[in-house]
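I'd like to ask you about the structure that follows.
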Amino acid sequence: MFQATPFSRRKQRYERLAQAVFLLMTVLIVAPLLLIVGYLIYQAWPILSFDFLFTNPRNGMRAGGIWSPLLGTIYLVVISLAVAAPIGVLAAIFLNEYTRENWLTRVINLAVLNLAGVPSIVHALFGLGAFVLFAGIGKSILASSLTLAVMTLPVIIASTKEALAAVPLPFREACWNVGATRWQTIRHVVLPNSIGGILTGVILQVSRAAGETAPIMFTGVVFYKAIKEGDPFAYGLLDQCMALSMHLFTISTQVPDVPKALPYGTAVVLLGSVLAVNALAILVRLRLRSRRKW
Amino acid sequence: MVNGGPMIEIRGLTVAFARREVIKRVSLDVRRNEVLGIIGPAQSGKTTLLKVLNRTLDDEPKVTVSGAVRVDGADISKVRNLPALRRKIGMVAPLPVGLPLSIFDNVAFAPRMAGLRDRHALEERVERCLRLAALWDEVKDRLDSLGTRLSGGQQQRLTIARALSHDPEVLCLDEFSIAIDPVTTMRIEDVLKELRSRITIILVTNLVQQARRLADRTAFMLNGDLIEIDETEKIFSETPADRRTFDYVRGIFG
Amino acid sequence: MHQLPKRPGIAILAERAIEVLIRLCGVSAILFVFGIFFFVFREGSHFLFHGFKFGEFFLSPEWYPTSESHVRYGALALIAGTASVTLLAMLIAVPFGLGAAVFISEFCTPRAKETLKITVELLAAIPSVVWGFVGLTVMNRLIIEVFHTPIGLNVLNGGIILALMSVPIIVSIGEDALKAVPDSYREAALALGVTRWQLIYRVLAPAARNGLLAAVLLGIGRAVGETMAVLMATGHAVKIPSSVLDSVRTLTATIAAELGEAAVHSDHYQVLFIIGILLFSITFVINLTADLIVRGVRRG
């Protein structure tokens, strides 16, 4: 009765074919990640070392290391997240916990969501227009960091809201019913149970801030700047600086006769840091998923 | 405030969501230390009435409330200290909720938020409330474990312990038994019998027999109107004031 | 029996202060969000209303902003540059991206699904300048080898790189869309004896149609807005491409390439901001449309 008919055998063949096609498509997407990482490391190998990280670019950037861009990127990331994370998280708490759903909040939600998709060059224009010129800060680490902060702000708000909304409403209602204030409820029940999601969202923006080039190109990051090697406080807030992402761009397009391994080395450090930070975020998310309290 | 007047006075209460009225000009008193049962089919406004009392209705979108409600003589629409009002009224929701805290912290939550810090006082309060809620024996050895890991019946008793933890003068229960097993329901009804005449109890229920068992007076609501409120005996007798009460109580509709 | 004490005044004050801070952040975040549009518009607005020629901008391919004698701001070639690279990228990314989304959603064990999703996430995290670098080195050499062109920086290069950059967003949103289709659809169809392929083609794709469309739109938005990768991979020719092996320049790359040299508040500078307004509007509309499409699903 349940013998395979020619019809059903053909169906099975089509099914296997479909599966194979989709598998192939997936492999073709996934393979580039591994190939790129592998090839970059391979090409950068001769130059990767601790020295590479802690010496400045020399000889018109044809030799030496990446200390000054590396420190610059660290400054930019730390300052921009120090601004964006608190404001973003608190703003998300405001939008999710303190406002009732009405036309205004819907407009705000739409605006925040859509602003997450703004091209990075438009962020550059904004930073130039608002911070460098209008606010008179001039091209500096501060202006670039604020530009990056505005770039990461909408996404931090959106991901924090998502984390807050994942805490079920009945918990809040139970707290209000026993006379807890809104803030008490947030502090003791909502935040502790959404902190994982919030953290993941912020960490992901760290890697985004580190990798962007356009927003910082015109707001304070420059072609070349010499600073003291090995000194973590070598930059000042109103100084201009170098950055890893910009440096990669510069030495691969603006400077002739650069030895091959140099840009590859820069790319490896940049890509490596970004992937490491993302992996950290993923680990945080996985770990916290298993410790959920309800 | 200690006076002889009713615990809760409701005069001409009307509640509407957008344009739809869910409570229509309801007036009733809740006497001190009585058990008032409120029965009626779904969408009668029973749950909304409770939410008006502790003003958690304020958070719903597009809601309009008119009329006067006084709790212990004070007009609740003018109250400045909302948490204090909510501590005066204990609320038990239909679905059991264990907060994602330890069992101890679940029951200690309200007193802590009110400012009680003394560890010894908290421990005493937690034990007292868990005993009153008939849950102490089952959890006394694992007060550190998560409240969310208890069974439905246990979580509902935990909710009652939480509701009692802030010394309410009124205890409101909103269809507390719909999501729990009959045995736990019976145990909680015993708890209510234990508490009666010590605090005022408002029992909203869709189980008319539950009202008959527990309530001194019973109110019947239908589609936002208060049809009748009287001694429970009268409501369940052959001759209540309204024909609809007679029909509902005998299961002819709803 | 201990009476409940009153909350210490300082705790109440601190809570008030925190709530004020929260409201402040909420309001300021909203202001920043709208501020982006305002400031970009502001920098280009003067020229926009005094001397900007809409017709020339959109219809003329002659882009000579720095000419001594005859300044022209015809952006047609730039628009064609953006369009051609985006089109090619989508032709590659959409089938592969949706195919991978289908594979992850329907053919995968939970373990494999987790791994693949993480891989796609990591792919999405690669900075655009690194992608540009890959285009400049690896792709460049590949194209020169295979097609025997003198330079490998062209529409093809940019298109492939952009495809790889847009795929992750298509995959993740597409997979979300398929996940949102209730299992009951799948169970009902399989009970009728259909193959997986038929299930996907006739049941799931139509059901998830809106979400899949949104995924494609967001992929397009990503491609249109990309700056560094195309700056490095498509070459520098400002002309309308006649084949995929031609070099082009996109709108985004133009801003990046010329903003540094344009004198602040000059006409050239303002035109670059106007291009920024154009880009912002395009991506805003795309994102808004995708949003509304997805919302339409929930209501319908």
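Just so it is clear, A, B and C label the chains in written order, and each chain counts residues from 1 on its own.
Simple rule for what comes next: a contact is a pair of C-beta atoms (placed from the backbone, for glycine too) under 8 Å apart; a residue touches a chain by one contact, two chains touch by 3 or more.
Quick caveat: nothing in here was measured; it's all calculated off a predicted structure.
**Student:** So which chain ends up in the middle if you average the CA atoms?
**Tutor:** Ranked by how close its C-alpha centre lies to the overall one, first comes A.
**Student:** Given the two chain pairs A-C and A-B, which is bridged by the higher number of C-beta pairs in contact?
**Tutor:** If we tally the C-beta pairs in contact for A-C and A-B, the bigger total goes to A-C.
**Student:** Between chain B and chain C, what's the gap in Å when you average each chain's C-alpha atoms?
**Tutor:** 53
**Student:** Calculate how many whole Å lie between the centre of chain A and the centre of chain C, each centre taken as the average of the chain's C-alpha atoms.
**Tutor:** Once rounded, the distance between the two centres reads 15 Å.
**Student:** In angstrom, rounded to a whole number, how far apart do the mean CA points of chain A and chain B lie?
**Tutor:** So the centroids are 49 Å from each other.
**Student:** Which residues does chain B have that touch at least 2 chains other than itself?
**Tutor:** Those would be 87, 113-114, 166.
**Student:** Where in chain A do residues touch two or more of the other chains?
**Tutor:** Within chain A, the residues that touch at least two other chains are 181, 184.
**Student:** For chain A, which residues count as touching chain B in their complex?
**Tutor:** Per the touch definition, chain A meets chain B at residues 100-102, 170-171, 173-181, 184, 188-189, 193, 293-294.
**Student:** Which residues, counting only chain B, touch chain C once they are in their complex?
**Tutor:** Interface residues on the chain B side: 87, 111, 113-116, 118, 121, 124-125, 128, 166-167.
**Student:** So in the complex, which bits of chain C are touching chain A?
**Tutor:** Per the stated touch rule, the residues are 15, 18-19, 21-23, 25-26, 28-30, 32-36, 39-40, 42-43, 95-97, 99-100, 102-104, 106-107, 116, 118-123, 125-130, 132-134, 136-138, 164, 167, 171, 195-197, 200, 218, 221-222, 224-228, 232, 252, 255-256, 259-260, 264, 272-273, 276, 279-280, 283-284, 286-288, 291.
**Student:** Under the touch definition given earlier, write down the residues of chain C that touch chain B in their complex.
**Tutor:** On the chain C side, the touching residues are 1-8, 11.
**Student:** Would you tell me which residues of chain A are touching chain C in their complex?
**Tutor:** Against chain C, the touching part of chain A is residues 11-12, 14-15, 17-19, 21-23, 25-26, 28-30, 32-33, 36, 39, 86-88, 90-91, 93-95, 98-99, 108, 110-126, 128-130, 133-134, 150, 153-154, 157, 181-184, 204, 207-208, 210-214, 217-218, 245-246, 248-249, 252-253, 263, 267, 270-271, 274-275, 278-279, 282.
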